[in-house]
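Next come two complexes, and both contain subunit A; in the first it sits with subunit B, in the second with subunit C.
And then the complex of A and B:
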């Protein structure tokens, strides 16, 4: 049995609000993510999903319970830099996470912080840029790139640190459809190469592409399963104020109207096939 | 357009000067600036002129850049000339009321403005041929020895890097806020100076708020990428001296020695 990438045991995160009241941002969450998994975390605004993600690379530490990354407890300060090297993070605003004024220098920022020798850094940077398909932009200024390209540069910066796990906190929220597709294609490919990917998203069409969907509501873990098992519970998701992929919603409504469709449809292709078979 | 503002004065190129190590360029420039002040005689001034012109030719920059570098400082140049011409006592060659121009004044004034002009032109050569990023790197390396006495060399360089990175972003943002406020009836282009200044408030407040938010985000992102100050940090592009830097330093040193000799030994 390999060591889980991330393991939470009855973890809670409590903060004090403006009136000094204790508020549970996360409450009694237990879950385990194995190396190589592709996980989507969904939930409404303020559900605590970003707070959860910030625990994965020790930007926050649990108030109660434990959070372990690669078997290392996050509340032990000795592990801090080892964990941050293992788990990279991509944030929502592509502009606010690029440090250097040249793309390749930005990708080099992580390994430079880790004290990697210069020749090794050059090697890692060119490799990372190749993997996100940004090699031709190596010498560009980041302000000349599109949003999708900036996010790919941010991903390359994590690859250059040789992280085993990438956590993306709504990486596509500020992007246009083309940029969204670029980013999703990139992370799908990286997951196929063996990197654990955890993506927080509002877009159900993105969550469908993953292998596992975790639903957070009011700081609590509500659902955890394959996209199929989660997105076919249309009623439950709707009552939490969440969307479902367009295909499963349409299938759900057609079923309500009495059209005999199977209850496990979550993609357009499946819906198309099922409708054709009705004929 | 705000976004048209070019950053710094860097003119990309491929000349000998462009390829010099920034540390060599900074030290060389400082040394030559000191040497300019050694110059006293006509011969010494000719040497200085020749050296500056030679460097400009080597840099392969357009000659009009010489004038461009002087333009922002022409008032100081004229003022320096004026002060010397009119206040130096000596042989009066021209007089009008209380104003009198002396031979010594003209001589002294030309010497001082000459020095000033060479100083400006030569130091602009540094910024013309060195990209701001490389220059920052050079400054960090040169300041490193002073860390022991409390100069935050790495932090200064990191600040400069981030500033350079965010100038285009914030310019874009300014442009966007300006358009948004104009759409709501704000007026940035007419009215008295006071009125215009007051009209800047709805531009500056959102700009500052967003800049602080960006700074906060960036700090989190840097921490997530294992940034913990300059300690134990390596660099991808290490600076290294080459034979070129040897040649350049020897040339500057030679000129300095010749000028010093002319000043004190001849």
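And then the complex of A and C:
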């Protein structure tokens, strides 16, 4: 058995609110993410999903229970930099995470700080930019890039660190449809190359593309399964204040109206196939 | 009463090597009481367009008038006019700065010289508008909220100045469905009850098709489409695709089914309308397919 990429055992995160009351941002969460998985975390605003993701690269540590990354406990300070090298984060706002004036220098920032030799950095930067399809922008100023391109530069920065896992916290929330597709295509490709990808998103059409969907509500883990097993529970998701993909909802509502459709439809193609087989 | 752009053009960095025209010559009128959706991909000129509407940018050429007054002038009338056009920027949560939520929302009304009682009333009204409970949140720090809640505080701050024209640049980005509904139900209510003109810039086509009565599509600095949203979504798919924008997810499913031979109506505002469109299509052809 390989070591899990991430393993949480009865992990809770407690903070004190303005009145000094203890509030559980996360409560008793146990889960395991294996190397190479492609996971979506969904939940309403304030559900705790960003708090959860911040444990994965030690921006936060558990108040109770444990969080291990590649077998290393995140509450052991000696592991901090080893973990951060393994798990890179991409945030929502593309303008907040670029530090250099030229794309390739931005991508080089991580490995430079690790003390990687210059020749090796060059190699890693050009490889990383190639993998996110941004090679032709290597010498550009980041401010001239679109949102989707900036997010791909941020991803390249993580690749240049040779991280095994990328955690993206609503990376497409600020992007137009083209940018969204660029980012999703990129991370799907990287996952196919073996990188573990964890994406927090409000777009169910994105969550459908992953291999596993985790639903967080009020700091608790409510569902954990394949997109199909999660998104066919239309009522349960709706009652948590979440959306489902349009095709799932259409199929669900048509079934309620008596149209004999199978209960496992989550894409437009499946809906089309099922409708063609009616009658 | 309207916002008019006459022969308006905007060029960034005039006379520098970085000169770039963001908006080509544009003539358009936005009427009082309209709910307008503006879409276009990054760099299409839509942010430039909305910043011209309230005098944040002055046109390189042409004039922008709000209710007949040129907003580019430095007169008192022009300054007052700009107060009638409220703008919620992208990432509005970064504009929060006060120690408590109530004081942050009160900043605008206080600058207008309202009495403390009036200010308090505006704050309560604005918090109610965005669905933040006054008792619970008024005295809290805005910086200890989640991203979605911070967004609501920022929107409340603009609502509290009672704008007659409300411009929202991507107000729902990063919000969950419930949060989106909460913010938009307040905006729709104000639009209907007070005849506020709403100009909504968004990538969320579902929100646009549900709410907007008019859709403006920008591409490379030009208004390439201007019309009824359902007309545009139903008949201009190619133009939309080449402009880098999408139709609403549910419309996409319906259009996919049309392409597979189902004769159904894709002109739907909401999921419920889509379901009844599809249901009637299926009922109408018991032995088809």
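Following the convention adopted for this analysis, the second predicted complex is superposed on the first by the 278 of 279 C-alpha atoms of A that agree within 3 Å, B and C clash if a C-alpha of one lies under 4 Å from a C-alpha of the other, contacts with A are read in each partner's own complex, and residues count from 1 in each chain.
By definition in this document, contacts are C-beta pairs under 8 Å (C-beta built on N, C-alpha and C of every residue); 3 or more make two chains touch, one makes a residue touch a chain.
Predicted model only: the values in this text are computed from it and were never measured.
Contacts of A:93 after superposition: both subunit B and subunit C are touched.
Of the two partner chains placed around the shared chain by superposition, subunit C is the only one that A:275 touches, whereas subunit B remains out of contact. In the superposition on chain A, A:146 contacts subunit C only, with no contact to subunit B. When the shared chain is aligned, no partner comes close enough to touch A:228: not subunit B, not subunit C. After overlaying the two complexes on the shared chain, residue contacts for A:57 are found with subunit B alone; subunit C is out of touch.
When both complexes are overlaid on chain A, the residue A:161 reaches subunit B alone and has no touch with subunit C.
Of the two partner chains placed around the shared chain by superposition, neither subunit B nor subunit C is touched by A:123.
Shared contact residues of subunit A with subunit B and subunit C: 93. Within the complex formed with subunit C, the residues of subunit A that make contact are 17-18, 43-46, 50, 92-93, 146-148, 170, 173-180, 202, 205, 241-243, 245-247, 249-250, 253-254, 257, 259, 268-269, 271-272, 275-279. Interface of subunit C with subunit A (complex): residues 40-43, 90-91, 139-141, 144, 146-149, 170, 173-179, 203, 244-246, 249-250, 252-253, 256-257, 260, 262, 271, 274-275, 278-279, 282, 285-289. The residues of subunit A lying in touch with subunit B in their complex are 57, 59, 81, 84-85, 88-89, 91, 93, 95-102, 104-105, 108-118, 121-122, 125, 141-143, 157-158, 161. Per the touch definition, subunit B reaches subunit A in the complex via residues 132-133, 161-162, 164-165, 168-169, 172, 213-214, 217-218, 220-228, 232-238.
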